[in-house]
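Starting off with a structure, shown below.
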Amino acid sequence: MSDNGTAYDVAKVRADFPLIENLAKGAKPLVYLDSAASTQKPRIVVEALSDFYLKDYANIHRGVHFLSQKATDAYEKARETARRFVNAREAAECIFVRNATEGVNLVASSYAKSRLKPGANIVLTTMEHHANIVPWQMALEGTGAELRVVPIDSRGVLDVEAFGKLVDENTVIAAFSYVSNVLGTVNPVKKLTAIAHDKGAKVLVDAAQAAPHRKIDVADIGCDFLVLSGHKIYGPTGIGLLYAKREILEKMPPYQGGGDMILTVSFEKTTYKGIPDRFEAGTPHIAGAVGMAAAMDYMERIGLANIEAHEAALLSRCREKLAPIPGLKEIGTAPGKAAVFSFTLEGVHPHDIGTFLDADNIAIRAGHHCAEPLMKFLKIPGTARASFGMYNTAEEVDKLATALEKIVKFFA
Amino acid sequence: MNEMEELYREIILDHNKRPRNFHAMEDATHHADGHNPLCGDEIEVFVKVEGGKIADISFQGEGCAISKSSASLMTSALKGKTLDEAKRECGIVVAMLTGKTDSIPDELGDIAALQGVRQFPARIKCATLSWHTLEESLQGGKTASTE
Amino acid sequence: MSDNGTAYDVAKVRADFPLIENLAKGAKPLVYLDSAASTQKPRIVVEALSDFYLKDYANIHRGVHFLSQKATDAYEKARETARRFVNAREAAECIFVRNATEGVNLVASSYAKSRLKPGANIVLTTMEHHANIVPWQMALEGTGAELRVVPIDSRGVLDVEAFGKLVDENTVIAAFSYVSNVLGTVNPVKKLTAIAHDKGAKVLVDAAQAAPHRKIDVADIGCDFLVLSGHKIYGPTGIGLLYAKREILEKMPPYQGGGDMILTVSFEKTTYKGIPDRFEAGTPHIAGAVGMAAAMDYMERIGLANIEAHEAALLSRCREKLAPIPGLKEIGTAPGKAAVFSFTLEGVHPHDIGTFLDADNIAIRAGHHCAEPLMKFLKIPGTARASFGMYNTAEEVDKLATALEKIVKFFA
Amino acid sequence: MNEMEELYREIILDHNKRPRNFHAMEDATHHADGHNPLCGDEIEVFVKVEGGKIADISFQGEGCAISKSSASLMTSALKGKTLDEAKRECGIVVAMLTGKTDSIPDELGDIAALQGVRQFPARIKCATLSWHTLEESLQGGKTASTE
């Protein structure tokens, strides 16, 4: 049942996604199981982009003319939509960035860097995506501060107790993913945030893989920063969101300099605007913000609880159908995990699985999934990963199972 | 009246051409700079407070017809008022200009001529600039911005 | 005559721009004279975006499946188009960024910052856009290095002799605009580059306002860095180009960290990929690159020489029609200037001009145009600016003249 | 043959299951690490050069069927060859794999089984990895001969 009481009809949802519909009708129907890398786009998002460019387009914040006013209104309305989507207190706490990666970089550079002194530390977890590792390493470089890594168990469950010990009074930021892009693990972000706050540490939540699957509520989590990517929530490329608390943002120096973020410029002295403008230098991705807002609206209309329930059913079926396949091992078995299914096949390298499935028109991803430290911990070179979106069906899961059985025979 | 005549009423054009109290003030007790980064308008407001009253008030700076006439109207209206009265009037005017209230109180007098700006969202900040700057100066601040 | 021998037909060009066409047909036909802020989009660019999302979309560089391959091919083909557009030696010298602003920030942060020591200097000009000022100020902060500003004369012509004196052996970078967004001045970028190189300084050319109007040729200019924005060359928002010479890029540390830019990641040590990947962290604006390439293709098909000639004719007519208006003063009268027409009207503030013209459905821009130091030099609070694109017509110029005459009467 | 059988020929599957020369080498004169960041394949190539000839060659590491069999085929083919012959063969194989040439010289022998990869752009780097690593090791062999 959907949020508003109607049954979830995956056929209807699929009809909203032209690429899914059209490629499914081909001679070899495409089965797209790579939504964790990026989601396909509903027609309504693509139309929002076209409509904006063809009817309301102009640069924002600058012109006195009505087109510019219209475009500015659309852009700021998108910010309000983003606010609602993550349940921030005010739109000014929502900064438009290129992607989740840029969000982390902005925080690492403008917030953390100046606070990283010898004795200070940053706390990450073993399961982080490179986007939530490399920016911190770059910020740490040459500071004498320390990187601490919270371990996980063999199921992919975070060691909360160890987290509580690693975070201390010298922790500048604890940064962790809400949902792991490899294991599907859903971390107890609210609890982790409370623990970190108890020690006086700030918290960044990488919600890149959570936002496609569940309601994000920064007020409930209590985190200081949260990042997500538009392209992973059925929106356009080149746009993402950094949420941060007003009182923190206000004290942060700008990240990039340029037009639209300054109050006054002279060669002697330049002063900056308040938030959010200070963090959006130059002409922003106006259409991207509008498109991401359309995607957020769409997800809310379908209902986040519906999406979560539908994907949970797909994950169950996937487990059930794939478990009997000889040599197949599910990687990541945390209770309540999200619809990201990583696995290995004995004697068959993930990359070969990927190629085989592609020949059967099943798109999955194979490799380290930008999580090399996790692979090292798991002592595997990579996994094959089937990841689900709101448009996937039980039949597609069955096709995956059938194809995998063929592969096992081929390499036997 | 077409929309331009509605925005640029006779009173506005008059105050734009012959701004009242348009000068610096040496012995001001309160002073603030106002800045509208959108259009580059810059304004300085000077106030001399004596015995809880605005004994004198003036402004100078660069600005469009709306911001200049708004400042000129403001200084004309507030001279001699008590601080409380002035602050109250700031609130009423800003509420009117930003469309927070529909009614235009009679007490506003000539200032009501600024109401046309409500149809021009891009220009509202021009009209509110001097008022925000005055508020800032009375609070003891140095700069106001309508970004 | 166009590059391929057919006459330039502005009516045909207009027909390619749905917004221009549709709004021109309204009760009060829109006259869009704000292309320097951002250009409108031809149908073909919007369709390139839609087609990409609806037919070929997937994340790039990562998947073994055919959609991912198709998307990767489209992205790298866009890079090759960008290479051709600016005449770089190789596609790897073309980095996709958000906009010109980000391009300057990247260079200021990754190239200049580490070289700014006491005694060192950066050379800019009086006519720069904030995008080519603020990033340098941010990089200079706390380094003890110096900012030098090359003067211009009252026409808006750069003092080349002074440039030659201000640039010295301690100059890290000389950064200047190709075309001024306020004055229309076309700087002698090739000559300036040669002068700077003689002193051993590197050169960044801000081509944000040149790229819409003329052929960009980095091989001919010889510059080390060049930036431009997609949204100003009839392309999408959120995408721009940083060109840089291979030998310089190779020595630059990454700007942002994340996925897609690393070779190996471990918590102990991370190594980075070569160019261009090292500078494109996270999922890039894939659709934006594809859309900007479509815009570049379109401009080349119309012919850059044609666009330049058409706009030069518009500028002449503008001068001719506006010169007789009492109190009107053209700001920027450099010989051979581009189709950017700034002016002031005695007794009427630029902002009031903008509102009046808007009421007549003529979209121009009024204000400091993100060039406050230039305004200070000119001792004016701002200008009104009519800027032309390939779709503007002589009749539109005439409408501007008529409307300005009305304004003069109103404020008389 | 369907495209999968074309890519994963018997010879490939055989070398994947039973890779030849799949071990480290203590007394190697040349050595390099190869890395394919796309799929995470990692390979180490060891070469013992004696009198201008490849006296011994081996590899180890993690990789897909294509990269593993390619490395295995390479070591089998090059053992005993002169350095010039080996370098020439590297060039020929890489040209074949990357589609720079259409012809498959007879001299390639079993290595020709790798040709199916040309239809799979995403996999070409898997097939060329060991060859590039060998080239790297031989180029570095001169300056790193004291290790």
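Note that the chains take the letters A, B, C and D in the order they are written out, and that residue 1 is the start of every chain.
Here is the rule we go by: contacts are C-beta pairs under 8 Å (C-beta built on N, C-alpha and C of every residue); 3 or more make two chains touch, one makes a residue touch a chain.
Just so it is clear, the model here is predicted, and its values are computed rather than measured.
In summary, the chains found to touch both chain A and chain B are C.
More C-beta pairs touch across one of A-D and C-D than the other; that pair is A-D. The most distant chain from chain A is B, comparing centres defined as mean Cα coordinates. Averaged C-alpha coordinates put the centre of chain B at 37 Å from the centre of chain C.
If each chain is reduced to the centroid of its CA atoms, chain C and chain D end up 47 Å from each other. If you average the Cα atoms of chain A and of chain C, the two centres end up 31 Å apart.
Each of the following residues of chain C touches two or more other chains: 62-64, 68, 262, 264, 351, 355, 366-367, 372. Under the contact definition stated at the top, the residues of chain D that touch 2 or more other chains are 38-39, 122-123.
The residues of chain A lying in touch with chain D in their complex are 347-352, 355-356, 359, 366-368, 372, 375, 381-382, 410-411. Residues 35, 37-39, 121-123 of chain D touch chain C in their complex. Chain A makes touch with chain B in their complex at residues 61-64, 68-69, 262-264, 273-274, 277. For chain D in complex with chain A, the residues that touch the partner chain are 2-4, 7-8, 13, 17, 38-42, 62-66, 68, 120, 122-123, 126. Per the touch definition, chain A reaches chain C in the complex via residues 18-19, 22-23, 30, 32, 34, 37-38, 40-41, 43, 45-46, 49-50, 53-55, 57-59, 62-68, 98-102, 104-105, 108, 124, 129-131, 133-135, 137-138, 147, 149, 229, 231, 236-239, 254, 256-262, 264-267, 270, 281-288, 351, 354-355, 357-358, 361-367, 370, 372-373, 376.
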